[in-house]
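Chain IDs A, B, C and D follow the sequence of writing; residue 1 opens each chain.
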Amino acid sequence: MVFRVDRRVRFADVDAAGIVFYPRYFEMINACVEDWFETGLEHGFNAMIVKGNHAVPLANIEVDFKAPSRLDDELAFKLVVTEVGRSSFKLTIKAWHEDEVRMIAKLVLVYIDMDKHVPVRIPEIMRARMLTFEEVK
Amino acid sequence: MVFRVDRRVRFADVDAAGIVFYPRYFEMINACVEDWFETGLEHGFNAMIVKGNHAVPLANIEVDFKAPSRLDDELAFKLVVTEVGRSSFKLTIKAWHEDEVRMIAKLVLVYIDMDKHVPVRIPEIMRARMLTFEEVK
Amino acid sequence: MVFRVDRRVRFADVDAAGIVFYPRYFEMINACVEDWFETGLEHGFNAMIVKGNHAVPLANIEVDFKAPSRLDDELAFKLVVTEVGRSSFKLTIKAWHEDEVRMIAKLVLVYIDMDKHVPVRIPEIMRARMLTFEEVK
Amino acid sequence: MVFRVDRRVRFADVDAAGIVFYPRYFEMINACVEDWFETGLEHGFNAMIVKGNHAVPLANIEVDFKAPSRLDDELAFKLVVTEVGRSSFKLTIKAWHEDEVRMIAKLVLVYIDMDKHVPVRIPEIMRARMLTFEEVK
(Lines give C-alpha, C1' and ligand atoms only; values in the text may rest on other atoms or scores of the structure.)
Protein backbone atom coordinates (compact mmCIF):
# COMPACT_ATOMS: atom_id res chain seq x y z
CA MET A 1 0.00 0.00 0.00
CA VAL A 2 1.06 3.56 -0.64
CA PHE A 3 -0.02 6.29 1.80
CA ARG A 4 -0.93 9.50 0.00
CA VAL A 5 -1.51 13.08 1.14
CA ASP A 6 -2.40 15.89 -1.26
CA ARG A 7 -1.15 19.38 -0.53
CA ARG A 8 -1.39 22.53 -2.60
CA VAL A 9 1.55 24.94 -2.48
CA ARG A 10 0.34 27.93 -0.48
CA PHE A 11 1.44 31.54 -0.31
CA ALA A 12 3.19 30.85 3.01
CA ASP A 13 5.32 28.16 1.36
CA VAL A 14 7.00 30.22 -1.33
CA ASP A 15 9.98 32.51 -1.07
CA ALA A 16 10.97 35.75 -2.76
CA ALA A 17 11.95 33.75 -5.86
CA GLY A 18 8.38 32.40 -6.08
CA ILE A 19 9.36 28.79 -5.38
CA VAL A 20 8.87 26.61 -2.32
CA PHE A 21 11.25 27.65 0.47
CA TYR A 22 12.90 24.32 1.30
CA PRO A 23 12.43 24.36 5.10
CA ARG A 24 8.70 24.30 4.31
CA TYR A 25 9.17 20.95 2.54
CA PHE A 26 10.28 19.51 5.87
CA GLU A 27 7.06 20.71 7.49
CA MET A 28 5.17 18.98 4.66
CA ILE A 29 7.24 15.81 5.15
CA ASN A 30 6.60 15.92 8.89
CA ALA A 31 2.88 16.47 8.31
CA CYS A 32 2.83 13.49 5.92
CA VAL A 33 4.38 11.23 8.57
CA GLU A 34 1.96 12.65 11.16
CA ASP A 35 -1.02 11.91 8.90
CA TRP A 36 0.31 8.42 8.20
CA PHE A 37 0.42 7.66 11.92
CA GLU A 38 -3.06 9.14 12.39
CA THR A 39 -4.94 7.54 9.53
CA GLY A 40 -2.57 4.95 8.02
CA LEU A 41 -1.34 3.35 11.25
CA GLU A 42 -4.37 4.44 13.31
CA HIS A 43 -2.13 5.60 16.15
CA GLY A 44 -1.86 9.40 16.01
CA PHE A 45 0.90 11.52 17.53
CA ASN A 46 -1.40 12.66 20.32
CA ALA A 47 -2.14 9.07 21.39
CA MET A 48 1.48 8.07 20.92
CA ILE A 49 3.20 11.03 22.57
CA VAL A 50 0.80 12.41 25.14
CA LYS A 51 -0.76 9.13 26.23
CA GLY A 52 1.73 6.46 25.17
CA ASN A 53 4.91 8.29 26.14
CA HIS A 54 6.55 7.24 22.89
CA ALA A 55 7.93 9.40 20.11
CA VAL A 56 9.47 8.80 16.70
CA PRO A 57 12.24 11.39 16.24
CA LEU A 58 14.04 11.62 12.95
CA ALA A 59 17.54 10.11 13.03
CA ASN A 60 18.52 10.72 9.42
CA ILE A 61 17.00 12.27 6.33
CA GLU A 62 18.24 12.61 2.78
CA VAL A 63 16.34 14.72 0.31
CA ASP A 64 16.77 15.17 -3.42
CA PHE A 65 15.15 18.25 -4.87
CA LYS A 66 14.41 17.36 -8.48
CA ALA A 67 12.47 20.37 -9.70
CA PRO A 68 11.09 23.56 -8.12
CA SER A 69 7.44 23.88 -7.05
CA ARG A 70 5.45 27.08 -7.38
CA LEU A 71 2.40 28.75 -5.83
CA ASP A 72 -0.79 26.71 -6.38
CA ASP A 73 1.01 23.56 -7.60
CA GLU A 74 -0.89 20.50 -6.44
CA LEU A 75 1.56 18.11 -4.80
CA ALA A 76 0.87 14.45 -3.99
CA PHE A 77 3.07 13.12 -1.20
CA LYS A 78 3.38 9.35 -1.48
CA LEU A 79 4.85 7.42 1.44
CA VAL A 80 6.11 3.82 1.47
CA VAL A 81 7.93 1.82 4.12
CA THR A 82 11.30 0.45 2.99
CA GLU A 83 12.47 -1.28 6.16
CA VAL A 84 11.24 -2.05 9.66
CA GLY A 85 13.98 -2.93 12.14
CA ARG A 86 13.94 -3.63 15.87
CA SER A 87 13.52 -0.02 16.97
CA SER A 88 13.98 1.97 13.80
CA PHE A 89 12.14 2.10 10.48
CA LYS A 90 12.77 3.61 7.07
CA LEU A 91 10.39 5.55 4.85
CA THR A 92 10.57 6.99 1.37
CA ILE A 93 8.34 9.96 0.57
CA LYS A 94 8.06 11.29 -2.96
CA ALA A 95 6.30 14.53 -3.84
CA TRP A 96 4.71 14.40 -7.27
CA HIS A 97 3.17 17.14 -9.36
CA GLU A 98 1.20 15.34 -12.04
CA ASP A 99 3.78 12.92 -13.51
CA GLU A 100 6.87 14.84 -12.40
CA VAL A 101 8.74 13.96 -9.22
CA ARG A 102 9.61 17.16 -7.41
CA MET A 103 11.29 15.73 -4.30
CA ILE A 104 12.43 12.39 -2.94
CA ALA A 105 12.99 12.05 0.80
CA LYS A 106 14.44 9.04 2.59
CA LEU A 107 13.91 9.01 6.34
CA VAL A 108 15.14 6.91 9.23
CA LEU A 109 13.01 7.27 12.34
CA VAL A 110 13.50 5.72 15.75
CA TYR A 111 10.87 4.57 18.21
CA ILE A 112 11.85 5.95 21.59
CA ASP A 113 10.69 6.15 25.17
CA MET A 114 10.01 9.83 25.83
CA ASP A 115 11.19 9.92 29.44
CA LYS A 116 14.45 8.08 29.04
CA HIS A 117 14.94 9.25 25.42
CA VAL A 118 16.24 5.78 24.48
CA PRO A 119 15.22 3.49 21.60
CA VAL A 120 12.59 0.85 22.37
CA ARG A 121 11.39 -2.17 20.43
CA ILE A 122 8.62 -1.18 17.99
CA PRO A 123 5.34 -2.63 19.36
CA GLU A 124 4.26 -5.70 17.36
CA ILE A 125 0.95 -4.21 16.33
CA MET A 126 2.71 -1.12 14.98
CA ARG A 127 5.27 -3.24 13.15
CA ALA A 128 2.48 -5.25 11.52
CA ARG A 129 0.65 -2.11 10.45
CA MET A 130 3.84 -0.51 9.12
CA LEU A 131 4.56 -3.58 7.01
CA THR A 132 1.27 -3.17 5.15
CA PHE A 133 2.84 -0.02 3.64
CA GLU A 134 6.02 -1.81 2.61
CA GLU A 135 7.20 -1.05 -0.88
CA VAL A 136 6.71 -3.85 -3.37
CA LYS A 137 10.15 -4.63 -4.80
CA MET B 1 38.64 28.67 7.45
CA VAL B 2 35.49 27.62 9.25
CA PHE B 3 32.44 29.89 9.11
CA ARG B 4 30.60 29.98 12.42
CA VAL B 5 27.18 31.22 13.50
CA ASP B 6 25.93 30.98 17.07
CA ARG B 7 22.25 30.43 17.69
CA ARG B 8 20.40 29.81 20.93
CA VAL B 9 17.43 27.42 20.82
CA ARG B 10 14.36 29.60 21.20
CA PHE B 11 10.83 28.90 22.37
CA ALA B 12 9.62 28.96 18.77
CA ASP B 13 12.05 26.14 17.89
CA VAL B 14 10.88 23.48 20.30
CA ASP B 15 7.94 21.12 20.01
CA ALA B 16 5.53 19.60 22.49
CA ALA B 17 8.26 17.15 23.53
CA GLY B 18 10.50 20.10 24.49
CA ILE B 19 13.11 19.38 21.80
CA VAL B 20 13.90 21.19 18.56
CA PHE B 21 11.22 20.50 15.94
CA TYR B 22 13.33 19.30 13.03
CA PRO B 23 11.91 21.55 10.28
CA ARG B 24 13.31 24.42 12.36
CA TYR B 25 16.80 22.97 11.93
CA PHE B 26 16.43 23.54 8.20
CA GLU B 27 15.61 27.20 8.81
CA MET B 28 18.76 27.40 10.93
CA ILE B 29 20.78 25.66 8.19
CA ASN B 30 19.36 28.03 5.59
CA ALA B 31 20.13 31.02 7.81
CA CYS B 32 23.70 29.77 8.26
CA VAL B 33 24.18 29.56 4.47
CA GLU B 34 22.57 33.02 4.10
CA ASP B 35 24.94 34.48 6.70
CA TRP B 36 27.90 32.80 5.02
CA PHE B 37 27.04 34.46 1.71
CA GLU B 38 26.51 37.80 3.47
CA THR B 39 29.56 37.99 5.67
CA GLY B 40 31.79 35.05 4.64
CA LEU B 41 31.55 35.45 0.86
CA GLU B 42 30.62 39.15 1.00
CA HIS B 43 27.85 38.63 -1.55
CA GLY B 44 24.52 38.51 0.29
CA PHE B 45 21.28 36.95 -0.97
CA ASN B 46 19.82 40.39 -1.67
CA ALA B 47 22.72 41.35 -3.94
CA MET B 48 22.79 37.90 -5.51
CA ILE B 49 19.08 37.37 -6.05
CA VAL B 50 17.52 40.79 -6.43
CA LYS B 51 20.38 42.51 -8.22
CA GLY B 52 22.46 39.67 -9.69
CA ASN B 53 19.59 37.46 -10.81
CA HIS B 54 21.33 34.39 -9.46
CA ALA B 55 20.18 31.95 -6.82
CA VAL B 56 21.65 28.91 -5.05
CA PRO B 57 18.82 26.42 -4.58
CA LEU B 58 19.45 23.26 -2.63
CA ALA B 59 19.77 20.17 -4.83
CA ASN B 60 20.42 17.60 -2.12
CA ILE B 61 20.73 17.51 1.65
CA GLU B 62 21.50 14.74 4.08
CA VAL B 63 21.17 15.32 7.78
CA ASP B 64 22.16 13.15 10.74
CA PHE B 65 20.50 14.04 13.99
CA LYS B 66 22.93 12.88 16.66
CA ALA B 67 21.32 14.14 19.85
CA PRO B 68 18.29 16.28 20.72
CA SER B 69 18.58 19.99 21.50
CA ARG B 70 16.47 21.75 24.09
CA LEU B 71 15.23 25.24 24.93
CA ASP B 72 18.11 27.67 25.65
CA ASP B 73 20.85 25.34 24.36
CA GLU B 74 23.57 27.39 22.73
CA LEU B 75 24.33 25.93 19.31
CA ALA B 76 27.38 26.73 17.21
CA PHE B 77 26.82 26.10 13.49
CA LYS B 78 30.15 25.49 11.76
CA LEU B 79 30.26 25.52 7.98
CA VAL B 80 33.03 24.24 5.72
CA VAL B 81 33.23 23.82 1.95
CA THR B 82 33.95 20.26 0.83
CA GLU B 83 33.88 20.69 -2.95
CA VAL B 84 33.47 23.42 -5.56
CA GLY B 85 32.47 22.19 -9.01
CA ARG B 86 31.62 23.98 -12.22
CA SER B 87 28.13 25.07 -11.17
CA SER B 88 27.55 23.22 -7.92
CA PHE B 89 29.26 23.23 -4.54
CA LYS B 90 29.14 21.11 -1.42
CA LEU B 91 29.00 22.23 2.20
CA THR B 92 29.09 20.46 5.55
CA ILE B 93 27.43 22.18 8.49
CA LYS B 94 27.75 20.79 12.00
CA ALA B 95 25.76 22.07 14.94
CA TRP B 96 27.70 21.79 18.18
CA HIS B 97 26.57 22.28 21.75
CA GLU B 98 29.75 22.60 23.74
CA ASP B 99 31.76 19.53 22.68
CA GLU B 100 28.79 17.45 21.52
CA VAL B 101 27.76 17.31 17.86
CA ARG B 102 24.00 17.58 17.65
CA MET B 103 23.53 17.55 13.90
CA ILE B 104 25.59 17.04 10.75
CA ALA B 105 24.23 18.34 7.45
CA LYS B 106 25.74 17.77 4.03
CA LEU B 107 24.41 20.05 1.31
CA VAL B 108 24.75 20.26 -2.44
CA LEU B 109 23.78 23.64 -3.84
CA VAL B 110 23.62 24.79 -7.44
CA TYR B 111 24.36 28.21 -8.84
CA ILE B 112 21.52 29.08 -11.22
CA ASP B 113 20.25 31.81 -13.43
CA MET B 114 16.95 32.93 -11.90
CA ASP B 115 15.11 33.67 -15.15
CA LYS B 116 15.98 30.51 -17.03
CA HIS B 117 16.26 28.40 -13.88
CA VAL B 118 19.31 26.62 -15.32
CA PRO B 119 22.74 25.99 -13.75
CA VAL B 120 25.47 28.52 -14.58
CA ARG B 121 29.22 28.50 -14.03
CA ILE B 122 30.09 29.78 -10.55
CA PRO B 123 31.69 33.23 -11.02
CA GLU B 124 35.48 33.05 -10.52
CA ILE B 125 35.48 35.53 -7.67
CA MET B 126 32.87 33.51 -5.83
CA ARG B 127 34.75 30.27 -6.46
CA ALA B 128 37.91 31.81 -5.02
CA ARG B 129 36.10 33.06 -1.94
CA MET B 130 34.37 29.71 -1.42
CA LEU B 131 37.70 27.90 -1.54
CA THR B 132 38.98 29.90 1.42
CA PHE B 133 36.43 27.96 3.49
CA GLU B 134 37.53 24.60 2.15
CA GLU B 135 37.96 21.91 4.74
CA VAL B 136 41.52 20.96 5.50
CA LYS B 137 41.84 17.24 4.84
CA MET C 1 -22.80 33.85 3.76
CA VAL C 2 -20.09 32.65 6.08
CA PHE C 3 -16.85 31.25 4.61
CA ARG C 4 -15.60 28.27 6.57
CA VAL C 5 -12.28 26.40 6.65
CA ASP C 6 -11.66 23.42 8.92
CA ARG C 7 -8.19 22.88 10.32
CA ARG C 8 -6.94 20.35 12.84
CA VAL C 9 -4.23 21.46 15.24
CA ARG C 10 -1.08 19.69 14.12
CA PHE C 11 2.14 18.78 15.89
CA ALA C 12 3.92 21.66 14.15
CA ASP C 13 1.43 24.13 15.64
CA VAL C 14 1.95 23.46 19.32
CA ASP C 15 4.67 24.70 21.62
CA ALA C 16 6.52 23.22 24.58
CA ALA C 17 3.45 23.91 26.73
CA GLY C 18 1.35 21.74 24.41
CA ILE C 19 -0.84 24.60 23.18
CA VAL C 20 -0.95 26.42 19.85
CA PHE C 21 2.05 28.74 19.48
CA TYR C 22 0.34 32.01 18.62
CA PRO C 23 2.38 32.97 15.53
CA ARG C 24 0.93 29.78 14.00
CA TYR C 25 -2.57 31.26 14.41
CA PHE C 26 -1.54 34.02 12.05
CA GLU C 27 -0.51 31.47 9.44
CA MET C 28 -3.93 29.88 9.86
CA ILE C 29 -5.62 33.28 9.56
CA ASN C 30 -3.59 34.04 6.44
CA ALA C 31 -4.44 30.63 4.97
CA CYS C 32 -8.14 31.27 5.67
CA VAL C 33 -8.02 34.58 3.77
CA GLU C 34 -6.07 32.87 0.96
CA ASP C 35 -8.70 30.11 0.72
CA TRP C 36 -11.47 32.69 0.77
CA PHE C 37 -9.94 34.49 -2.23
CA GLU C 38 -9.41 31.15 -4.01
CA THR C 39 -12.76 29.50 -3.51
CA GLY C 40 -15.05 32.13 -1.96
CA LEU C 41 -14.17 35.06 -4.24
CA GLU C 42 -12.93 32.85 -7.10
CA HIS C 43 -9.83 35.02 -7.55
CA GLY C 44 -6.86 33.25 -5.95
CA PHE C 45 -3.63 34.86 -4.78
CA ASN C 46 -1.77 33.45 -7.77
CA ALA C 47 -4.16 35.08 -10.25
CA MET C 48 -4.29 38.27 -8.21
CA ILE C 49 -0.59 38.70 -7.42
CA VAL C 50 1.32 37.01 -10.21
CA LYS C 51 -1.03 37.82 -13.05
CA GLY C 52 -3.09 40.78 -11.81
CA ASN C 53 -0.30 42.68 -10.10
CA HIS C 54 -2.53 43.36 -7.10
CA ALA C 55 -2.04 42.37 -3.49
CA VAL C 56 -4.04 42.68 -0.27
CA PRO C 57 -1.56 43.38 2.53
CA LEU C 58 -2.78 43.51 6.10
CA ALA C 59 -3.00 47.05 7.46
CA ASN C 60 -4.31 46.24 10.94
CA ILE C 61 -5.24 43.17 12.94
CA GLU C 62 -6.65 42.71 16.40
CA VAL C 63 -6.86 39.27 17.92
CA ASP C 64 -8.51 38.07 21.11
CA PHE C 65 -7.32 34.72 22.36
CA LYS C 66 -10.26 33.32 24.31
CA ALA C 67 -9.08 29.82 25.19
CA PRO C 68 -6.05 27.65 24.37
CA SER C 69 -6.12 25.02 21.61
CA ARG C 70 -4.30 21.70 21.85
CA LEU C 71 -2.93 19.00 19.57
CA ASP C 72 -5.66 17.36 17.47
CA ASP C 73 -8.34 19.94 18.29
CA GLU C 74 -10.57 20.43 15.27
CA LEU C 75 -10.90 24.16 14.58
CA ALA C 76 -13.47 25.76 12.31
CA PHE C 77 -12.38 29.15 10.99
CA LYS C 78 -15.43 31.22 10.05
CA LEU C 79 -14.91 34.38 8.03
CA VAL C 80 -17.38 37.22 7.45
CA VAL C 81 -17.00 40.60 5.79
CA THR C 82 -17.84 43.54 8.05
CA GLU C 83 -17.12 46.46 5.72
CA VAL C 84 -16.06 47.12 2.15
CA GLY C 85 -14.65 50.60 1.54
CA ARG C 86 -13.10 52.22 -1.52
CA SER C 87 -9.76 50.45 -1.31
CA SER C 88 -9.86 48.67 2.04
CA PHE C 89 -12.10 46.00 3.53
CA LYS C 90 -12.68 44.53 6.96
CA LEU C 91 -13.04 40.88 7.95
CA THR C 92 -13.82 39.05 11.16
CA ILE C 93 -12.52 35.52 11.54
CA LYS C 94 -13.53 33.38 14.48
CA ALA C 95 -11.93 30.03 15.28
CA TRP C 96 -14.40 27.63 16.91
CA HIS C 97 -13.82 24.29 18.56
CA GLU C 98 -17.25 22.72 18.80
CA ASP C 99 -19.31 25.46 20.49
CA GLU C 100 -16.39 27.30 22.10
CA VAL C 101 -14.79 30.35 20.48
CA ARG C 102 -11.04 30.03 20.74
CA MET C 103 -9.97 33.16 18.88
CA ILE C 104 -11.53 36.25 17.31
CA ALA C 105 -9.55 38.17 14.72
CA LYS C 106 -10.52 41.49 13.15
CA LEU C 107 -8.57 42.41 10.05
CA VAL C 108 -8.27 45.47 7.84
CA LEU C 109 -6.78 44.71 4.43
CA VAL C 110 -5.95 47.09 1.61
CA TYR C 111 -6.15 46.47 -2.11
CA ILE C 112 -2.91 47.72 -3.61
CA ASP C 113 -1.03 47.97 -6.85
CA MET C 114 2.06 45.79 -6.44
CA ASP C 115 4.48 47.95 -8.45
CA LYS C 116 3.65 51.31 -6.94
CA HIS C 117 2.64 49.84 -3.57
CA VAL C 118 -0.27 52.28 -3.35
CA PRO C 119 -3.96 51.63 -2.58
CA VAL C 120 -6.27 51.19 -5.55
CA ARG C 121 -10.05 51.08 -5.85
CA ILE C 122 -11.37 47.56 -5.24
CA PRO C 123 -12.56 46.21 -8.62
CA GLU C 124 -16.40 46.23 -8.82
CA ILE C 125 -16.65 42.50 -9.40
CA MET C 126 -14.54 41.81 -6.31
CA ARG C 127 -16.58 44.26 -4.26
CA ALA C 128 -19.79 42.52 -5.30
CA ARG C 129 -18.39 39.11 -4.42
CA MET C 130 -17.07 40.33 -1.07
CA LEU C 131 -20.48 41.72 -0.17
CA THR C 132 -22.05 38.27 -0.50
CA PHE C 133 -20.04 37.36 2.62
CA GLU C 134 -21.21 40.40 4.55
CA GLU C 135 -22.27 39.71 8.09
CA VAL C 136 -26.01 39.88 8.69
CA LYS C 137 -26.56 42.46 11.42
CA MET D 1 13.85 52.16 30.07
CA VAL D 2 13.24 50.87 26.58
CA PHE D 3 14.15 47.26 25.76
CA ARG D 4 15.61 46.93 22.28
CA VAL D 5 16.31 44.01 19.98
CA ASP D 6 17.82 44.40 16.52
CA ARG D 7 16.79 42.02 13.79
CA ARG D 8 17.64 42.01 10.10
CA VAL D 9 14.94 40.86 7.66
CA ARG D 10 16.07 37.47 6.41
CA PHE D 11 15.28 35.47 3.32
CA ALA D 12 12.98 33.22 5.35
CA ASP D 13 10.89 36.26 6.39
CA VAL D 14 9.88 37.55 2.98
CA ASP D 15 7.10 36.35 0.72
CA ALA D 16 6.71 36.09 -3.04
CA ALA D 17 6.08 39.85 -3.15
CA GLY D 18 9.49 40.46 -1.56
CA ILE D 19 8.09 41.91 1.67
CA VAL D 20 7.87 40.49 5.18
CA PHE D 21 5.18 37.80 5.37
CA TYR D 22 3.12 39.05 8.32
CA PRO D 23 2.98 35.82 10.36
CA ARG D 24 6.77 36.18 10.61
CA TYR D 25 6.28 39.52 12.40
CA PHE D 26 4.52 37.62 15.16
CA GLU D 27 7.53 35.33 15.54
CA MET D 28 9.70 38.45 15.81
CA ILE D 29 7.31 39.96 18.38
CA ASN D 30 7.33 36.71 20.36
CA ALA D 31 11.13 36.56 20.19
CA CYS D 32 11.32 40.16 21.43
CA VAL D 33 9.15 39.31 24.46
CA GLU D 34 11.23 36.16 25.04
CA ASP D 35 14.46 38.19 24.95
CA TRP D 36 12.95 40.77 27.27
CA PHE D 37 12.18 38.09 29.86
CA GLU D 38 15.65 36.59 29.41
CA THR D 39 17.82 39.67 29.56
CA GLY D 40 15.51 42.54 30.54
CA LEU D 41 13.63 40.83 33.39
CA GLU D 42 16.37 38.25 34.06
CA HIS D 43 13.82 35.44 34.20
CA GLY D 44 13.89 33.53 30.91
CA PHE D 45 11.14 31.34 29.48
CA ASN D 46 13.06 28.20 30.39
CA ALA D 47 13.30 29.17 34.04
CA MET D 48 9.72 30.44 34.06
CA ILE D 49 8.03 27.60 32.18
CA VAL D 50 10.10 24.50 32.78
CA LYS D 51 11.18 25.24 36.32
CA GLY D 52 8.66 27.79 37.59
CA ASN D 53 5.54 26.28 36.06
CA HIS D 54 4.35 29.70 34.96
CA ALA D 55 3.62 30.98 31.48
CA VAL D 56 2.62 34.30 29.92
CA PRO D 57 0.19 33.53 27.09
CA LEU D 58 -1.02 36.33 24.88
CA ALA D 59 -4.60 37.37 25.61
CA ASN D 60 -4.93 40.15 23.06
CA ILE D 61 -2.81 41.77 20.38
CA GLU D 62 -3.40 44.66 18.03
CA VAL D 63 -0.95 45.40 15.27
CA ASP D 64 -0.72 48.31 12.87
CA PHE D 65 1.38 47.70 9.80
CA LYS D 66 2.61 51.14 8.78
CA ALA D 67 4.99 50.34 5.93
CA PRO D 68 6.38 47.19 4.30
CA SER D 69 9.81 45.80 5.20
CA ARG D 70 12.09 44.16 2.68
CA LEU D 71 15.00 41.70 2.59
CA ASP D 72 18.03 42.98 4.54
CA ASP D 73 16.18 45.86 6.22
CA GLU D 74 17.58 46.37 9.69
CA LEU D 75 14.69 46.52 12.17
CA ALA D 76 14.93 47.74 15.75
CA PHE D 77 12.19 46.33 17.98
CA LYS D 78 11.60 48.65 20.94
CA LEU D 79 9.51 47.39 23.84
CA VAL D 80 7.96 49.42 26.65
CA VAL D 81 5.55 48.46 29.42
CA THR D 82 2.32 50.44 29.42
CA GLU D 83 0.49 48.83 32.35
CA VAL D 84 1.07 46.20 35.02
CA GLY D 85 -2.12 44.85 36.62
CA ARG D 86 -2.73 42.10 39.16
CA SER D 87 -2.18 39.18 36.78
CA SER D 88 -1.95 40.82 33.37
CA PHE D 89 0.39 43.35 31.83
CA LYS D 90 0.48 45.45 28.68
CA LEU D 91 3.35 46.06 26.29
CA THR D 92 3.88 48.20 23.22
CA ILE D 93 6.46 47.05 20.69
CA LYS D 94 7.42 49.24 17.76
CA ALA D 95 9.57 48.07 14.89
CA TRP D 96 11.68 50.87 13.46
CA HIS D 97 13.78 50.99 10.32
CA GLU D 98 15.99 54.02 10.75
CA ASP D 99 13.48 56.79 11.57
CA GLU D 100 10.43 55.12 10.05
CA VAL D 101 7.99 53.10 12.15
CA ARG D 102 7.14 49.93 10.29
CA MET D 103 4.85 48.26 12.82
CA ILE D 104 3.23 49.04 16.15
CA ALA D 105 2.03 46.14 18.31
CA LYS D 106 0.04 46.41 21.54
CA LEU D 107 -0.06 43.25 23.60
CA VAL D 108 -1.92 42.08 26.68
CA LEU D 109 -0.29 39.09 28.36
CA VAL D 110 -1.47 37.11 31.36
CA TYR D 111 0.63 35.45 34.04
CA ILE D 112 -0.77 31.95 34.50
CA ASP D 113 -0.19 28.75 36.40
CA MET D 114 0.70 26.15 33.78
CA ASP D 115 -1.04 23.17 35.41
CA LYS D 116 -4.36 24.80 36.21
CA HIS D 117 -4.14 27.24 33.27
CA VAL D 118 -5.58 30.01 35.45
CA PRO D 119 -4.29 33.58 36.01
CA VAL D 120 -2.08 34.13 39.04
CA ARG D 121 -0.83 37.28 40.73
CA ILE D 122 2.37 38.54 39.08
CA PRO D 123 5.23 37.89 41.54
CA GLU D 124 6.35 41.12 43.24
CA ILE D 125 9.90 40.86 41.99
CA MET D 126 8.67 40.50 38.42
CA ARG D 127 6.27 43.40 38.81
CA ALA D 128 9.08 45.60 40.08
CA ARG D 129 11.34 44.63 37.20
CA MET D 130 8.56 45.17 34.66
CA LEU D 131 7.92 48.66 35.99
CA THR D 132 11.50 49.69 35.20
CA PHE D 133 10.48 49.41 31.54
CA GLU D 134 7.38 51.52 31.97
CA GLU D 135 6.85 54.12 29.34
CA VAL D 136 7.45 57.67 30.43
CA LYS D 137 4.24 59.59 29.81
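Here is the rule we go by: a residue touches a chain if its C-beta (ideal position, glycine included) is under 8 Å from a C-beta of that chain, and two chains touch if they have at least 3 such contacts.
Just so it is clear, the model here is predicted, and its values are computed rather than measured.
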item	value
Partner chains that subunit C and subunit D have in common	A, B
Furthest chain, CA centroid comparison against subunit A	D
Cα superposition angle of subunit A on its copy subunit D, in degrees to the nearest 5	180
Subunit C against subunit B, contact positions shared by both copies (same if over half, else different)	same
Interchain centroid distance [CA atoms averaged], subunit B/subunit C, Å	34
Whole-Å gap between the CA centroids of subunit B and subunit D	29
Multi-chain contact sites of subunit D, meaning residues that touch two or more partners	11-12, 16, 18, 21, 23, 27, 30, 50, 71
Partner subunit B, residues of subunit D touching it in the complex	10-12, 18, 27, 30-31, 34, 44-46, 50, 71-72
Residues of subunit B defined as touching subunit A within the complex	16-17, 19, 21-24, 26-27, 29-30, 49-50, 55, 57-65, 68, 114, 117
Subunit B contact footprint on subunit C (complex, rising order)	11-12, 14-16, 18, 21, 23, 71
